[in-house]
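Read from first to last, the chains carry the letters A, B, C and D; within each, the first residue is number 1.
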């Protein structure tokens, strides 16, 4: 039995679409309504790899964004503080082929300059597709 | 003095365009003419992050592809052997804003099942933008 | 106020001491009494780095062992299945200077051949000192 | 035919022994005579894992030290500048069982605060045993 079709993502405060070129290109939606950040993507053929699954680079893109947002929200509740990815490791546990995937990040340590963040990407049934960890740096402006 | 505009990439044998959904979406070109694999991308606004630079997720995408191709070419000169990314670490050394970037991969070890690959992404002036390492797994079909 | 001195670790079933050369050398104790694996180390000067803290390599050693044990216990409740570390990433969140540190691992995915494991190392007050993720491979004998 | 026994390591300027507790414990020697840093270890049973090979944690220790030294030498030719490991990824390509292994590091990027370093560990025949990459942070004193 196929998973039920995911519901359309809402619009409104705390929902971010098309903030960056890459976000528009991939078509994911960022939801920061409850103080955390989640990146949702409804898988389409344009996101595919050579095996018909979601491309590892697209997965890395979603994880990078969700983790970067988690770092930014830690520094400032508006999430507007700019952070750069210093390094990032992704582990690819399972393939995702259809439906909606959601990336999220959790700050595990660090301070006002460097932040350590863990990330995960799950499908709409809660199955773990990928895990990640990264180091992010605040951009002093 | 700005870097000279990169020359258009050729078409022909060993030049791969649009093989996957993700490749078409991002618009990079794979060159496997000399037995190695390089992924070239001419940076456009659609590839950007919040800071106006090339998005880390796009960088990870290019590195993942170049390293996966390196693994596939190691297993079979045609590059058609399917491999999956098991894990991947990227380090972001500098930002890239315009011109052409090129990702490449080098197999450092492994055997017929698991392969270890290093990757790098440089800009058209040869400046190192990102380094990476990954583990790739042959897909038995 | 200093943290209270940690209690001596017990001996008995499920407590592993000196299983490998490296374990004897570093002097940590593995506790697999409840189906998970934890590696405990009471910090001594011999474990130190140039800054008087616990050496990153020692931390990596403890994390590697705890994660490897987690993988082995997933494959077989006795923990005797041999696994090798394929790759491992550690992130160093804080320094540890005295008392007891404990590394543990959690399998996040994989199958009968490759396993994905997350790890963490905390001090005796529960403060997160390091996080890790790794890929482990079953050794077919 | 077994590899010839490695020659004893010299003493003298640029040869560092027992600088830290962990270095004394493991018994490796650091050679910074030519402006780079190499960590040499003659494998003994006390360095072993469950499979009779060199323990992954010991490998990580050597790589961490060689890369940290590379970062310190980049900041200051004396190598006395203190650096901390922020994150580190190791990939284990082959096992090492006897003889001498040597870890070395190369700075790939960064500036005065964060440095990116690649590392490798080879055996006395030049065979690649492990590769690594890490982010190191200067300690402001």
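Heads up, the rule we're going with is that a contact is a pair of C-beta atoms (placed from the backbone, for glycine too) under 8 Å apart; a residue touches a chain by one contact, two chains touch by 3 or more.
Computed from a predicted structure; not experimentally measured.
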item	value
Between B-C and B-D, the pair joined by more C-beta contacts	B-D
Centroid distance [mean C-alpha coordinates] between subunit C and subunit B, Å	35
Subunit B and subunit D: spacing of chain centres that average the CA atoms, whole Å	29
Residue numbers of subunit B (touch at least two other chains)	86-87, 89, 91, 116, 133, 135
Touch-based graph of the chains, sorted into line, ring, star, complete or other	complete
Residues of subunit C that touch subunit B when the two form their complex	86-87, 89, 114, 116, 133, 135, 137
In the complex with subunit C, residue positions of subunit A that touch it	89, 91, 93-94, 108-110, 116, 118, 128, 131, 133, 135
Residues on subunit A engaged by subunit B in the complex (per definition of touch)	19-22, 24-26, 44-51, 55-58, 60-62, 64-65, 68, 82, 84-92, 95, 139
